[in-house]
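Have a look at the structure that comes next, please.
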Amino acid sequence: MFEVPLKRGRKFLNTPGPTNVPERVRNAMARATMDLSDPEFLNASESCFDDLKSVFKTEGECIIYIANGHGAWEAAIANCLSPGDTVLVPETGNFSNSWADMTESMQVNCRTVMGDWREPTSPEAIGQALADDKNHEIKAVLLVHTDTATSITCDVPAVREAMNRAKHPALLMVDTIASLGTVDYQMDAWGADVTVGASQKGLMCPPGLGLVAINDKAKAAVKASTMPRRYWDWDTRLMTQHYRRYCGTAPQLAIFGLRESLDMLFEEGLENVFTRHRILAEATHKAVDVWAQAGGIELNARDPKTRSVGVTTILTMDPDFDASQVSVMCRDEMMVALGGGLGKLNGKAFRIGHMGDVNAPMMYGALGAVEATLSYLGIPYTPGGVTAAIEHIAEFKKSAGHSTF
Amino acid sequence: MFEVPLKRGRKFLNTPGPTNVPERVRNAMARATMDLSDPEFLNASESCFDDLKSVFKTEGECIIYIANGHGAWEAAIANCLSPGDTVLVPETGNFSNSWADMTESMQVNCRTVMGDWREPTSPEAIGQALADDKNHEIKAVLLVHTDTATSITCDVPAVREAMNRAKHPALLMVDTIASLGTVDYQMDAWGADVTVGASQKGLMCPPGLGLVAINDKAKAAVKASTMPRRYWDWDTRLMTQHYRRYCGTAPQLAIFGLRESLDMLFEEGLENVFTRHRILAEATHKAVDVWAQAGGIELNARDPKTRSVGVTTILTMDPDFDASQVSVMCRDEMMVALGGGLGKLNGKAFRIGHMGDVNAPMMYGALGAVEATLSYLGIPYTPGGVTAAIEHIAEFKKSAGHSTF
Amino acid sequence: MFEVPLKRGRKFLNTPGPTNVPERVRNAMARATMDLSDPEFLNASESCFDDLKSVFKTEGECIIYIANGHGAWEAAIANCLSPGDTVLVPETGNFSNSWADMTESMQVNCRTVMGDWREPTSPEAIGQALADDKNHEIKAVLLVHTDTATSITCDVPAVREAMNRAKHPALLMVDTIASLGTVDYQMDAWGADVTVGASQKGLMCPPGLGLVAINDKAKAAVKASTMPRRYWDWDTRLMTQHYRRYCGTAPQLAIFGLRESLDMLFEEGLENVFTRHRILAEATHKAVDVWAQAGGIELNARDPKTRSVGVTTILTMDPDFDASQVSVMCRDEMMVALGGGLGKLNGKAFRIGHMGDVNAPMMYGALGAVEATLSYLGIPYTPGGVTAAIEHIAEFKKSAGHSTF
Amino acid sequence: MFEVPLKRGRKFLNTPGPTNVPERVRNAMARATMDLSDPEFLNASESCFDDLKSVFKTEGECIIYIANGHGAWEAAIANCLSPGDTVLVPETGNFSNSWADMTESMQVNCRTVMGDWREPTSPEAIGQALADDKNHEIKAVLLVHTDTATSITCDVPAVREAMNRAKHPALLMVDTIASLGTVDYQMDAWGADVTVGASQKGLMCPPGLGLVAINDKAKAAVKASTMPRRYWDWDTRLMTQHYRRYCGTAPQLAIFGLRESLDMLFEEGLENVFTRHRILAEATHKAVDVWAQAGGIELNARDPKTRSVGVTTILTMDPDFDASQVSVMCRDEMMVALGGGLGKLNGKAFRIGHMGDVNAPMMYGALGAVEATLSYLGIPYTPGGVTAAIEHIAEFKKSAGHSTF
């Protein structure tokens, strides 16, 4: 929009990924590279494969790719499906659509259960689509747990129940890229067969690792797949040699970073991590609700129960206003990076990330910058959003005694 | 106060020193140590001695000690004074008192011009004390530019003028530890003979370097001094060999950090640095003024013109309340470190630092945490302080176009 | 082999990848993550795509994958070939075999031109295999420039000439993972259509980036390919949006590392980089030749002209001796990590890496540890290898005046 | 000597301080600054004061100055002596002379027991000087344990015994700046009253911390001292408040570095640390002995029992040759920094450091560069020095089983 002048002080990162990398993770990665067979590396690597299971809450297998979340998406497709297969994609927002788009590039057909981007796709509609699939052409349901474009988190157990009710054998594949490590996710208990994740959101690492967790049903599906693959191939990835597990050279420093972030998650306790995210998200919603009283903006997710704990999508109400100004201005003038509107919300929304290594004053800073940006851009807003956030958090802390943020 | 639980996210550092070390400075120091005669080091060192002059605004000489600000204080005493000498110390708060205390340990007598800690010491009273010193027993005036205990910045040119009017030959020694790099300071134009500084405040470096700038009059004073000294001695410190300049092994990594921080100051432009500090200080004052409407707290510095741009001292009004709770609670529960009350303000005040590598959202975060702490501790306050700060900064940015924060 | 005790001092990394990451690259990566659309990142990224062309010496396009070298291999296959196609693979050692193995997993047939692992595959034999392919079933020749298992560098222009002589339309795909940035490679001038590389060898970055350079003929091949793909797909990777170029979230910190390593390569000058590698390699060969006089070991590559400048494979002559002891002992007891024998050289060879950010005393250290290991393990050797290396380098420096190592 | 071209690979640091800072120490310091009263800092600081006692092997008190070793020297003088006092300084080389020079600047008289720089000062001569001091004018003996200029380590217990035999009440002050953490030093058992140290040698930290350990007799001496002082003053330094212990702002990041280095020393085990230094020193001596056969150079320390384990001084025999060329050339052309000749050895010697975080291949690298420099400069030498070093270390490892280097 304009030339960006030199700025001082720390940039705030409130995009919904990449998120802030904690000092401990950064330093864990700021080490010398080493022999790929160095026991120091092998021990770290081995333990990451093990401990990721506790994060996914599965007894299945975890696989770590040098890749981003899209790579992990492709891995799920490449291993469980064959060209010509069909999958069902409940529309949750831009990311369900992107996964479907990728799936079609892999020569797999997609059927979509339409959604309106302000509510989760109805489990009933999903169940109906499966019930209608008498011949069981649908091989998998591709479900995005939290779609960061809409900031809606869907109800995975309800979808699983709908699948069960339809007595449909399709695999349930869940994308938790934007939810893992921010909100409870129980792969085994909830009946997911494949779960996809990534390093740069709730796991507080730099981008660069794609994650997949699979159960026995998913492993069996590999045998039936005719998709050409090696890099993504689970059979070789599940071998014992680390050179095989990474299909070549391991992402050594990234693994030391992941090791540190897992330690941090376990030290804090996953339940505390989830509570921290929930309270900070609620505080953000309180702030937006105050600002919204003037009619210029509105939370995208209608039902509070469906709102993501990691990111909040806010609609701008003036149809003639280009909402992309908000994130550009906030980043270039206020030192806080937000997310913009994606897909059909492009130019109509902005997004505040509050996931990963984040605490209360970091959110006050980000919300303060948003309030200043609303003022700066002349968007109608009621002042006092940050005050509402502060009071919500102060109330929680009073009631909870100590907290982790 | 209580056991501190594990916390997540970035700790906010709003003490008035040490301040936040920018990533660039940290990385400049995260390098391999090297031969003390390595040209890479010698060039960095040489240029620091030169460029510090632009920060002090002097044509005199700069000296860099491996020490803290107290060390630089002692250097000023050890070089310009002799046991049995007398100095005049205008009371500005806890730090003028500490400097006087150190001076007496050096066997130099101190006369104090009393102050009330809420206004700068009167230049008239200083002038009178000098006029009363007919025999010119007073060898130096020891003036603290910004006393971080009271957060009052005094008027150096006015003190110089009072000295001139009294036609008194005393040296003017100014402590700019808490002001250098945050607000304009013009050593030569203002007539200071010795200026003392340190690395860990406006200069954005870790603690570990004490700085002194001296003019010819100060250099001449060394010849008359009988104080035993070598480590602090300016004569050897002004030699050309770097081994002499540091009186032994140089603080190599700290110098690379200082080099980077000087680059950052010059890139931003000192005037922009000062404006940034001023606006963030004003925003802090606006926030406190809102909170103060309920009568529970009050700004210590009565006259807005005398308020430090780097730190704000806030009095708690309830005489039965232990104000040290504020900084402890804010740090342990809200993730924001504040300063406590010092000297006679111990238990009666807390302090918010806003100096060095700081920007608007960092201040919203800190102020939000303070507001939450007031709520948490039940101190009467009017909500909306952060809102006032946001509006002040947004107005500035609207009027200024681009800013550096 | 045995429990590894605590060790002090710097571990030497003389595996042929990952190589030592220079301090500058490490610090370039030790920065805060940021918005994916932050101009600071986009500028770094854009310039990497451009500047990699100078490293590959091509006017074609460069693609950066979050992946390792195996991922880049798969990208070459997935874009230019279709299931059922056939390729020709000259056997250079373990890595040609691995690439072939991956190719077959992608449902592409491999014909191998056999090699003996101590000489490069004969260009004549390659030409003959192509001439025999009257129907042009072979769609591509997959050539490993430097096979780190054998430490032999093959003559790419000679292979290209053999293809031309056979008037065969196959694509020439060259793996430069272990050679790029260590020895001259001229993609366009030598007639390669696809070149594969990776970050963790001559480019001095941590593992995590796979690189591909392609010309127009390769781009055209994508249109004909029926291979299911998206993550690897060149059509989307060549779009202008960086989100497309990385197929999702960019490997932000790794890109800042690559940016720094490219700056370092250009500052030193590629020709100087190549000379440095050559002299250090020759010094290594001199050392081995001295040790080998006792008959216990031998250089694998018979012809000095074919020896890699980045890694040296050394055979142990006693058929009953398990050569894997050498690298284990050298790493665990001597603090220097070597490579082991791979494929059919497993247990029969060890490898000394000398690529990337390496200089003369680093090699003296590594060679000294190898000499000590030969002594420790009782392998017959003639002492004085390091002396020979020192003399070779001293002679070069005397003749060259200044050098870059 | 000439313009230094760009160099690649890691610079070797073989000066006798500063020494290599291990990755762990560097990362311990690459952390955010924090509130001076943050429990995380206070705990680290407290434990450093405690654990330093185990390094000095004393039950006395330890004091940590923001200063270098010269600062710690001055602290010893300023606390235990008064202007007009007299001390005895056994001449060990340049550093005994420098300490004496500083002492005289502090208005204390020095009597020197002359030494020839190639043998330790004779304990008998020291005893005689004390016996001659019938009136006990000598208040302290200032003894340098290892003088890095001569690389001679003196026999502290023998000096103590000479003092005892003379029944002289002088304090024994020992400078262990260059020996602490490299060789056994037992402050209490050996009867030292004051010990001086620094961070940047055996303690593997960057320069910036001066250390002093004192016993009750030294504490008592403070009461009698009339030296003006505050920064160095032990009475205030021994208070409980950390703000007092550091006389102002603490060197926060340096303390975290020291904490890590102490952990590393204790993990390795002090006895192992000493053995490691001894073997590497012996290997260096072996190398020099081989080179010296050609008559161009010679070890300075005649008696092997007196040779420092941390640094080796080597004389050049040609009186017309300027030995400073060796260290300049080795640093600028061979990437290895050595020490030059100091004091009367200026231009006549060079020094190889082997202290701190150092291991065998690091020494092979340094020695290889020295051998290449001898060749480059045309200094007569017998090749094979590195070979001798390798063999010495290999023999040790064979006999010792596992070692820590």
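Which chain is which? They are A, B, C and D, in the order written, and residues in each are numbered from 1.
We adopt the following convention: a residue touches a chain if its C-beta (ideal position, glycine included) is under 8 Å from a C-beta of that chain, and two chains touch if they have at least 3 such contacts.
Here the structure is a predicted model, which is why all the values come from computation and not from measurement.
Peer 1: Taking each chain's centre as the mean of its CA atoms, which one is most distant from subunit C?
Peer 2: B
Peer 1: Hey, how far is the Cα centre of subunit A from the one of subunit C, in Å?
Peer 2: Once rounded, the distance between the two centres reads 35 Å.
Peer 1: Averaged over CA atoms, how far is the centre of subunit A from the centre of subunit B? Could you give it in whole Å?
Peer 2: 44
Peer 1: What is the distance, in whole Å, between the centres of subunit B and subunit C, each centre taken as the mean of its C-alpha atoms?
Peer 2: Centres of subunit B and subunit C (C-alpha means) sit 54 Å apart.
Peer 1: Please list all residues of subunit C that touch 2 or more other chains.
Peer 2: Each of 10, 20, 23, 30, 32 in subunit C touches at least two other chains.
Peer 1: Using the definition of touching given at the top, classify the network of chains in this structure as line, ring, star, complete or other.
Peer 2: complete
Peer 1: Going by the contact rule set out above, which residues of subunit C touch subunit A in the complex?
Peer 2: Contact set of subunit C toward subunit A: 4, 10-11, 13, 15, 17-21, 26, 29-30, 32-39, 66-71, 74, 78, 83, 102, 105-108, 198, 200, 206-208, 227-231, 233, 246-254, 331, 337, 340.
Peer 1: Quick one: in the complex, what on subunit A touches subunit B?
Peer 2: Per the stated touch rule, the residues are 2, 5-10, 12, 20, 22-23, 30, 264, 267-268, 273, 276, 333-336, 357-369, 371-372, 375-376, 383-384, 386-387, 389-391, 393-394, 397-398, 402-405.
Peer 1: Which subunit D residues qualify as touching subunit A in the complex?
Peer 2: Residue list for subunit D touching subunit A: 23, 27, 30-32.
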